[in-house]
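The following pair of complexes shares a single chain, subunit A, combined with subunit B in the former and subunit C in the latter.
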Partner chain A sequence: MAKKIRDPRLRITRRIKKDQVFKVKVKFDHPSFTGLGIVDDETNPIFNRAIPVSFIRNMFVYYGDQLVSRFRMSSAIADDPLFTFKLKAVQEAPVKVVFVDNQGEKWEVSKKIKFYT
Partner chain B sequence: MKKVLSFLILSFFFFYAVSNAVFAGTVEEEFKIEGLISPASPKALKYALENKLEVKVIDLNLKSTRTGWPVLRVQFDSMVVSKENIEKVIGEIEDPAGHKFKVHHGPLLANAPILDEEQKAIAILGDTAEVFPNMKNPITDKVASVSRGEKLFVDNCAKCHGLSGNGYGTVAHGFTTWPRQLWAWNNTGPETDGYLFWFITNGRSDMPPWGLILSEYNRWDLINYIKTIKNPGE
Partner chain C sequence: MVIKEDFSRRKFIRYSVIGGAVVPLLSGVPYENEVYGGVFNAPKDLENMTEMERIHLPKVTLPPVVEDGTQASIIVSLDHPMEEDHYIKSIQILNFADPVVIKGKFYMTPLNGEAFISTQIRLAGGEGTVWVVAECNKHGKWAANRTVNVAAGGC
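So, the complex of A and B:
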């Protein structure tokens, strides 16, 4: 049985002021793999098909109701990737990150932004 | 004559019975195998299969197969071993690194249909990344431009990209990603002008949008200088 994939984790700094540019870190433990193996390294090409390919296809970033960014990825993405990006704190609203992998499975994580006074 | 004929008939039946007894159950079967990842995998698979079951591994075709999956061809006695039994044993084998094997069934799902959420996102943001404009470098006096660009580079860019353009500038240690190493642009033609101008103007990641700081003229000077930076090791 395939290992269950945990939901992603999202980290944002606690003290955010209005109009501050803050960093968002998202860690997702996904076993992305090209599906290729190196069994016979003496002949060329050296790769053979080993297991079904699996990778994160899309990552969407929502701030409030608005879709602010889309990260499009390929099978070259590392397994268990960490994404870091910046947002500008224009409103008190949740930041939601959605992942979709090549098998059509979906995961999401969100955290509410509250301004520090 | 009758004796010869009866001898021939008897010997024919005898050989028929013997060959039936020996070869009747011997069959060849092909299995598509998942899990062949490391060079140790084929040996482990062959060894375990031949030891656990009475089968003979004829061939393991790794690459030139119709579906792309490695194909294992085995010979076995169908009276002793069944195909399901072989599949079960293949599923139990592990190579020395702990990779499990499996018989592949059905087509590979490399990319599932686009979800509704993805459709909506593509409709909002477009399907492709930024298109870099094709631009023409307006500066004709390259020698003077390069010397102006060098001064601008030392004042503005070397802190992060390094004086030699190696990407290890003194202040780059706290950045999300290391700055670009700039030797890749050495001696490149006019086709890279639009790309470099776009990046310098708009910035990316920790790099600020220099379009707000430097004039268009200065940015072209910088591009002309960047194209002269060489790898010091060459």
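So, the complex of A and C:
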């Protein structure tokens, strides 16, 4: 049975000051497989396409309306990956992370940044 | 209307002779920096790096032995400034020994504040070298690598 894909989860520290660089953690339970299977150690190439490939193709990070980062991935990214990256708190605006898989399916998660006073 | 043919057999032979002489001469000219395959910059001496080399060389955290090749954690960071006119454009993770060589490429902007990425990748079994290539908008591509031994392959 195919594994159910859960919506991505975004984690950001609550105490953010203006111009502070903060960590963003995004966990996305998405299966990822190269689809490759070992044929035989003696043959060349060793691997062949055994099953259909499935993976997260792109991760887009928006801060406010601006596209801040983009992560282009291959099928060699692990199952259910946890991505951690950094952002600079320049404005009180939502951080939105959009995932697109190789089938073109889309998921997104967002959280608003509020400055701690 | 008469179309003037300005490319003759004589000209073709002349250009071929010039090209044949110039190309081998140019191949002997050394590049400005010592790079891997003419693509990546790398520090000349890892013990005594210059400030330029220190800020551009990616710091890669990857365990030397990975039990499960389906979940190999990798952390890449750089001490590079992220300013409007000088910043790290991208970080790419590769392993040339794996059937899927390119793991991913993370594109950044100055709004990232710091060049940092952490994720998990798949690695094929056995010994391999994971390469990380960081691209600066001014100073080109810089590469660092880590040798890793994977007990159970994850491809």
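We take it that the second predicted complex is superposed on the first by the 112 of 117 C-alpha atoms of A that agree within 3 Å, B and C clash if a C-alpha of one lies under 4 Å from a C-alpha of the other, contacts with A are read in each partner's own complex, and residues count from 1 in each chain.
Note that in this section a residue touches a chain if its C-beta (ideal position, glycine included) is under 8 Å from a C-beta of that chain, and two chains touch if they have at least 3 such contacts.
As the structure is a prediction and not an experimental result, all values here were calculated from the model.
**Q** Based on the superposition on subunit A, does the combination of subunit B and subunit C result in a clash or a fit?
**A** When both complexes are placed onto subunit A, subunit B and subunit C end up clashing with one another.
**Q** Should A:Pro52 be classified as contacting the first partner (subunit B), the second (subunit C), both, or neither?
**A** A:Pro52 sits against subunit B, while subunit C stays out of touch.
**Q** Given the touch rule stated above, what does A:Asp79 touch, subunit B (first), subunit C (second), both, or neither?
**A** A:Asp79 contacts subunit C only, not subunit B.
**Q** Taking the superposition as given, does A:Asp40 touch the first partner, subunit B, the second, subunit C, both, or neither?
**A** A:Asp40 contacts subunit B only, not subunit C.
**Q** One more residue to check, A:Val21. First (subunit B), second (subunit C), both or neither?
**A** second
**Q** Could you look at A:Val90 and tell me whether it touches subunit B, subunit C, both or neither (first, second, both, neither)?
**A** second
**Q** Tell me the contact category for A:Phe71 with respect to subunit B and subunit C: first, second, both or neither.
**A** second
**Q** Could you tell me if A:Asn102 is touching subunit B, subunit C, both of them or neither one (first, second, both, neither)?
**A** first
**Q** Do subunit B and subunit C touch any of the same residues on subunit A, and if so, which?
**A** Residues 23, 45, 67, 69-70, 72, 84, which sit in both footprints.
**Q** Touching residues of subunit C toward subunit A in the complex: what are they?
**A** 70-72, 75, 82, 95, 98-100, 102-114, 116-123, 154-155
**Q** Give every residue of subunit B touching subunit A within the complex, in rising order.
**A** Touch list, subunit B to subunit A: 34-39, 41-42, 62-63, 68-70, 108-113, 115, 117-118, 120-122, 124-125, 129, 176.
**Q** So in the complex, the part of subunit A that touches subunit B is made up of which residues?
**A** 23, 37-41, 43, 45, 48-53, 57-58, 60, 67, 69-70, 72, 84, 98, 100, 102-104, 106
**Q** In the complex, go through subunit A and note every residue touching subunit C.
**A** The touching residues are 21-23, 32, 34, 36, 45-47, 63, 66-79, 81-88, 90.
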